[in-house]
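Below is one structure, written out as structure tokens, with a few remarks after it.
Letters A, B, C, D and E mark the chains in the order given here, with residues in each chain numbered from 1 onward.
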Amino acid sequence: MSEAITRKIDRSHMEVSDEVAIDIRAMNKWYGTFHVLRDINLTVHKGERIVIAGPSGSGKSTLIRCINRLEEHQSGHIVVDNVELTSDIKNIDKVRSEVGMVFQHFNLFPHLTVLENCTLAPIWVRKVPKKQAEATAMQFLEKVKIPEQAHKYPGQLSGGQQQRVAIARSLCMQPKIMLFDEPTSALDPEMIKEVLDTMIELAEEGMTMLCVTHEMGFAQAVANRVIFMDQGQIVEQNNPHDFFNNPQSERTKLFLSQILGH
Amino acid sequence: MSEAITRKIDRSHMEVSDEVAIDIRAMNKWYGTFHVLRDINLTVHKGERIVIAGPSGSGKSTLIRCINRLEEHQSGHIVVDNVELTSDIKNIDKVRSEVGMVFQHFNLFPHLTVLENCTLAPIWVRKVPKKQAEATAMQFLEKVKIPEQAHKYPGQLSGGQQQRVAIARSLCMQPKIMLFDEPTSALDPEMIKEVLDTMIELAEEGMTMLCVTHEMGFAQAVANRVIFMDQGQIVEQNNPHDFFNNPQSERTKLFLSQILGH
Amino acid sequence: MSEIHAETVAFVRETMLPAEAPPAREAGAVKWLRENLFSGPVNTLLTLLGLGIIWFLVSHFWDWFAHSVWSANSLSECRQIIAETWGEGARGACFAVIRERWNQYVYGFYPSDLYWRPTLVFGLLFVALAPVLFSESRSLRRLILGLTTAVTLILLVALGTPVLWLIFAAAVTIGASVIAERHPLYLLIFSALYPLLGVWLLWGGSIWGVIMVLVGFGLGWGAWLVAARVSPMLSAVAAALVAMIWWIGFAGAAASDAQNLIPLGITPVDSDQFGGFLLSITIGVAGIALSLPLGIVLALARRSDMFLVTSLAVMFIEFIRGVPLITLLFVASLLLNYFLPPGTNFDIILRVIIMVTLFAAAYMAEVIRGGLAALPKGQYEAADALGLDYWKAQRLIILPQALKISIPGIVSTFIGMFKDTTLVTFVGLYDPLKSMSDAVRASTSWKGIYWEPYIFVGVIFFLICFGMSRYSMYLERRLARDHR
Amino acid sequence: DTLADVKARGELNCGVNTGLVGFAAPDANGNWTGFDVDVCKAVAAAVLGDSSKVKYVPTTGQTRFTALSSGEVDVLARNSTWTFSRDTDLKLDFVGVNYYDGQGFMVPKELGVTSAKELDGATICIQTGTTTELNLADYFKANNLSYSPVNIDSNAEGEQQYMAGACDAYTTDASGLAATRAAFADPENHVILPEIISKEPLGPAVRHGDSNWGDIVRWTLNALIAAEEYGVTSKNIEELVKSSQNPEVQRLLGVTDDLGAMIGLDKEWAKRAILASGNYGEIFAANIGEQTPIGLARGLNAQWTQGGLLYAPPFR
Amino acid sequence: MTDVSAPATPPFRLSMLVYDRRYRSMTFQVIVFVLVMAFGWWLVNNTIQNLQALGKDFNFGFLFQRAGYDLPQTPIPYTSDDTHLRAAIIGLMNTVIVSILGCIAATIVGVVVGVARLSNNWLFARLMTVYVEIFRNIPLLLWILIIYALFTEILPAPSAYRGEDPAWSMVLFDNVALTNRYTSIPALGLTNDPGSLELGARVSVSWALIAFMVVLIGGWMVRTALHKRAQQIQDATGQRPTTWWQTLAVMTVPSLFLIWFFGLHLLPPELKGFNFSGGMNVDNSFVVLWLALTLYTGAFIAEIVRAGILAVSKGQSEAAFALGLRPRRTMNLVILPQALRVIIPPLISQFLNLTKNSSLAIAVGYMDLRGTLGGTTLNQTGRELEAMVLMMAIYLALSLIISAGMNVFNSRVKLKER
């Protein structure tokens, strides 16, 4: 659906630095006896925009959920912003407050207003004064273009609006890295665009992003690396141009033919 | 999305007779104090295919729901197939068994198989013997190209298939008039085509149809009249060619620019 | 692309990695223990607490259970056996009382030579339920019917059933099993006749009463057919009216006339001879069977858009739900005669059934109302658009779905009602729990025995109620899978 | 009216105790026996001609009068005390006395109590809704003693509480105490205290307002009492029908006058009533007399000719 | 826009009563109404006839007659010379007391068990499941009887505490005696008794109690103020000051002062004569009923709590974790507020059930409303209709009050949807 991305993308801030944001080495994960992630090696630099693709069940979600320790890995190392993820609670807290995450189903808190959703974590985790937290939140709500909905409840918004609130909520913690797990797949076509626009804007500002998505238009326009996963392994990675035009592995070819075919 | 309509349309049976199928005169309807339909006058002849378009909330659904008295009108007259709709139950029953309706959200009965969905009304309303009802139903299921799904439950079908079952279900009552309320708007793009194809086939056979839809391709290909509604009134009506190429009213122009724009 | 690629590590995996087994500490019993019992200090504490509770229970009750005596004729004899076998001062359970009074617990004071009748009724209950409850799965139905047939017949033979009835029982159970294989829906005819058959077998008396009730249905149906030609709307009224007139005005006289002409009947048994589980199950089953339809009617009434009907339903439901069941039972047993014309007298069990039914129906109505509310509006509209009238739409479209959604609530209402059958003790009926145990204790040989009867009755209730709740879970899962 | 109802029903509804050995208690098969039960049987025999046509409705102290006045039972034969307010305000009609009783206390021997006056501060089991409940309150108040009541609903519960030691003393009609004690495994360890703190004339009751039915029950009871007085027993009754020269006996047994017709029954009603389980003396002896485990002496309940209070009005 | 022409109303025909939608529902309602009215009239008429035949009337005057019977435990003074009305009020108070205490305890049990069932401790979760299933699937009456039997059969009579070498001895530092009649607990004594406030009708409240109430309520208000201030500080600076010790002090210090001031002390029970006295004897009938209601209802509440927590989707806690919230905070800020909305309505209907089930007091001789008004009074006065009508009305009022509370709550917390 590359038609969704219509406007010219401003790449001025989209520079990749040498600093490493995420470093994953020889990481393995099992669910019970099922080997979901196999020998994952991945280095993400500050400012990189990585799209992860792959068939359903290939472990994409699991991989990015390992990065902020919503799932535990069983061997190997994950270092996020120079903090290694172990079972040390302090490290986990540190990583989580540096890494924002946007879920497929938004997971907004339905009992809180949009504004309260956005200020909850800054107030209780970052200990920001309420006024200030609200000011920041309004700023980000403006960025995602729904400041006027600040006092509504999530249930009163459309799907696209909800997802934009979810993005704003993550941004309010001023994370260094953003993880997206299929942020548009639960949305109606019209709404996909508004969310993708928001994400593109983020990318333009130089945010480090890992994004599981099937929006290949988005990948081509924004990503600087596309990772293809299958059966829990990274099968291929490349820059978007080569990835789409010149896939190497058989599986990638098959996958691309399916996804771009219709 | 006029690309959806690909094949040549056979117009041999699509003749409009002089007989009046639906006659609406000075009809008004209120929801509480909100005046939804204002002074509607509309005559539909046997064999006509009318597409109703208009912005959201303009009263399109309400209008066609008045025709089989899912909603009650408060003034004016609606005569369907020479039966006037009043609060007389006999008349209502008569009209409903002559008029088929297809909803946006299919509204199939999830606890019945596809075949049972189709035979239910013939058996209980028309008092057709079960065997015969099933034979008819299979015939219509074949027409909508899913006879092989007859013994599945609706939940096991895709959206497009479900909508086709819904059409078959209406047809099983052998209605003289079919009403469609945005039959494709809840469907994924791939599935829209299959449903539109079915509707075109119906049109080719000379069915009187009223169809609320935003599929302008369909309107251009099949309709012999397009009605544009806004704020509860019929703002403009014309044959499709003139309607699209030469809209008269400002509102219509605005609407067309929006709907064809993207 | 304008940006600098820090590293365009194009990477392609040539060979796929095989799945490996997880590291040792991630599997096996040790991991299980660590994760499930000792994953932290709180958890370890809880485990110890749990073990403590188990130890407490076992150490206090195990020897009592282990020293059970199953055959003795009185409590003192029982205590003596315990003392002899396990030494002086040993504690032990005396389940002999169950064995000795088994019949009383099961059948109450039902004449012992007629025990086969309730047994047969109970067996046939499963046949009657088969097409309703077990219609979803052929293998389950087969199992239930097979088991029912075998157990019922064996029990009937053991209880000395008259040959004619034995043949009848065999014909029905075996016949049902066979029919169920081909046309399970035909069994519904038996299900419909079952209540009459059951009532007749339990209370006995002339068969003419039953036949006259059936005639009433026949007349009603006839009236329906006749009236349906004139107006379908009137047919229901006509049918009900004709049947009512027949039942109230003529059936009794006709039955006794017929009985005088050709006496046909079985020994009558009086309501006060009912007791024990026979009583609980009779009240429970009847209450369940009656409260569901009544609950549906109430739920529909409460949701109707007719103000009067709705408010009557609300008043009824709120009243019944607002007062304790035992006050209602008290009214049924002691005050009802105040409200009836002087001299009327009707069966106490029937009155209790009516009260229990009303009580359960009020709860049922709320459960079903929830189910109705959960149905999307589109279902009503589609039914309307197809030309189905209100009752047909309800029967064919709305209720099947609403009831399905409500299954858990309905079953827990049933369970509640079945448990509440024990309250009939307060109106002088012999429920198994209190009255029957009191009666057992009243005899000198079992005076002073408390735990064993309570445990026995509790276990039976638990099995039945737990069974029902598991069945509802099974049904829920099954329906969810089928019609998804 | 009740007589017609009973006849139409073919069954007499008789309210009895839920279980008081000797007065009314079901056995393992649900057959009821006892002193009160025999009154029911006599009435059924008199009215319906069959002493087995009785439906026994077990009632507690609390439910008995409601059962009677609502029409649930036709006659209440449940060791109920004839009192002013019950006869008037409660709209019952007591038709006679079948047992002259008084309220007593039972205590375990080991308590060492010998008089009710020593029960200050004791916990006492008492059936709710009885005269004894009221008497107890009055007695302790009058004697300036305190007590804490344990309210129980039936004799069975009372036994359980008393035996477990949840109350120090159990109080009810002395006859009830004797019956309860007789059912204990160790009757010798319990004593009934000497004080009798009230008069408890126990008798069958019917609803107010149907005096004919009241007459039937009253005279059935009187027939049993008179039968003993005149030596009519279930054994010799047939003989006496033929041979008795006593005009009162002849009237009683329907040999001469038709007394039955005056109360809507046939001639032999009294004969059947006596045949049901014998005359008063036989009934007493069989259920609660000194030969039974309950072992009550006739005492006040002897015929007036024997120095007791039983005195049947003349049959004429 | 065009003027609205009035719709032509077709002339009325009789068949329209059945066939016209507008009239049909009216016809139906009229028929139903007439039938119901006729039925009601029939019932009332029968009752009047029956009462007449009996020579009874319908009259609540009996409430003002002397009751004549004693009650075992009374929250307000009562003797056999008081009226039936007072006895009924005491019954009602007993019903309310056991219901309120039962609701509180059952909620605690239910919450603990419900959460425990979700714990990842396999053994404990299983144990709790067993508890829930056993209690839910066995009639309440059986639990009442079993617990009653436990108390009367296992616990000793007070005499077991007598003598040189008693068979039983008091527990909790010789302060509590468990017997098969009651649990005897210490009473509270005052060295400086300030007297009591007479409320009339022989009801009085000790000034000391009032003082404690005032102090506690005041403490609670101060605590709320403290929290508010802490919240303000947090809003302003982001840092939340620690308040627990201030709260603790506010809640306890004034009470401690009052204890000292009034010289509050324990008066342990003593065996005197047949029974313990000096302390407070809490009858077993009450304890048993309360315990059985608590355990039985607790099992149901546990299921409700569990379902409520499970109803909050896993995504909610994941989102909170991903934002960096700690598990405790997640519980308090995200899970509980949502779970409560699901939990409270069924919880309140359990409270309703508990209140109604408390009428099973009849099985243990606890003198609740049914035991007094619907039991002894009914029987001694023979006013069955009046007593039952009154009793049902009171129970109905109780339920309506509870469900009104529920409705208010529901409308307050309903999630806003589109």
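As a convention for this text, contacts are C-beta pairs under 8 Å (C-beta built on N, C-alpha and C of every residue); 3 or more make two chains touch, one makes a residue touch a chain.
Predicted model, so just to flag it, every value in this text is computed and none were measured.
With steps allowed only between chains in touch, the distance from chain C over to chain D comes to 1. Common neighbours of chain B and chain C under the contact definition above: E.
If you compare B-E with D-E, the chain pair joined by more contacting C-beta pairs is D-E.
Taking each chain's centre as the mean of its C-alpha atoms, the one that lies farthest from the centre of chain B is D. Centrality annotation: C (chain centre taken as mean Cα position, compared with the mean over all protein Cα atoms). For this pair, chain B with chain D, the centres built from the Cα atoms lie 84 Å apart. Centre-to-centre spacing of chain A and chain E amounts to 50 Å, using the average Cα coordinate of each chain. Mean C-alpha position of chain C lies 30 Å from that of chain E. For chain C, the set of residues that touch two or more other chains comprises 330, 334-335, 337-338, 342, 450. Contacts with at least two other chains are made by no residue of chain A. Of all residues in chain D, those that touch two or more other chains are 63, 66, 70-71, 157, 160. Chain pairs that touch one another are A-C, A-E, B-C, B-E, C-D, C-E, D-E.
Listed in rising order, the residues of chain D touching chain C in the complex are 5, 9, 13, 18-19, 21, 25-30, 55-60, 63, 66-67, 70-72, 154, 156-157, 159-160, 163, 183-185.
By the touch criterion stated above, chain E contacts chain C in their complex at residues 18-19, 25, 28-29, 32-33, 36, 43, 46-47, 49-51, 53, 116, 119-124, 127, 133-134, 136-142, 145-146, 149, 153, 352, 356-357, 359-360, 362-363, 370, 374, 384-385, 388, 391-392, 395-396, 398-400, 403. Residues of chain A touching chain E in their complex: 68, 70, 93, 96-97, 99-101, 103, 105, 107-111, 120-121, 123-133, 152-153, 155-158, 169-170, 173.
Residues 35-37, 39, 43, 46-47, 49-51, 53-54, 231, 233-234, 305-309, 312, 318-319, 321-327, 330-331, 334-335, 337-342, 415, 419-420, 422-423, 425-426, 433-434, 450-451, 454, 457-458, 461-462, 465-466, 469 of chain C are the ones that touch chain E when the two sit in their complex. Those residues of chain D lying in contact with chain E across their complex are 61-66, 69-71, 86, 89-92, 111, 119-123, 128-129, 133-134, 136-138, 141, 147-153, 157, 160-161, 164-168, 207-209.
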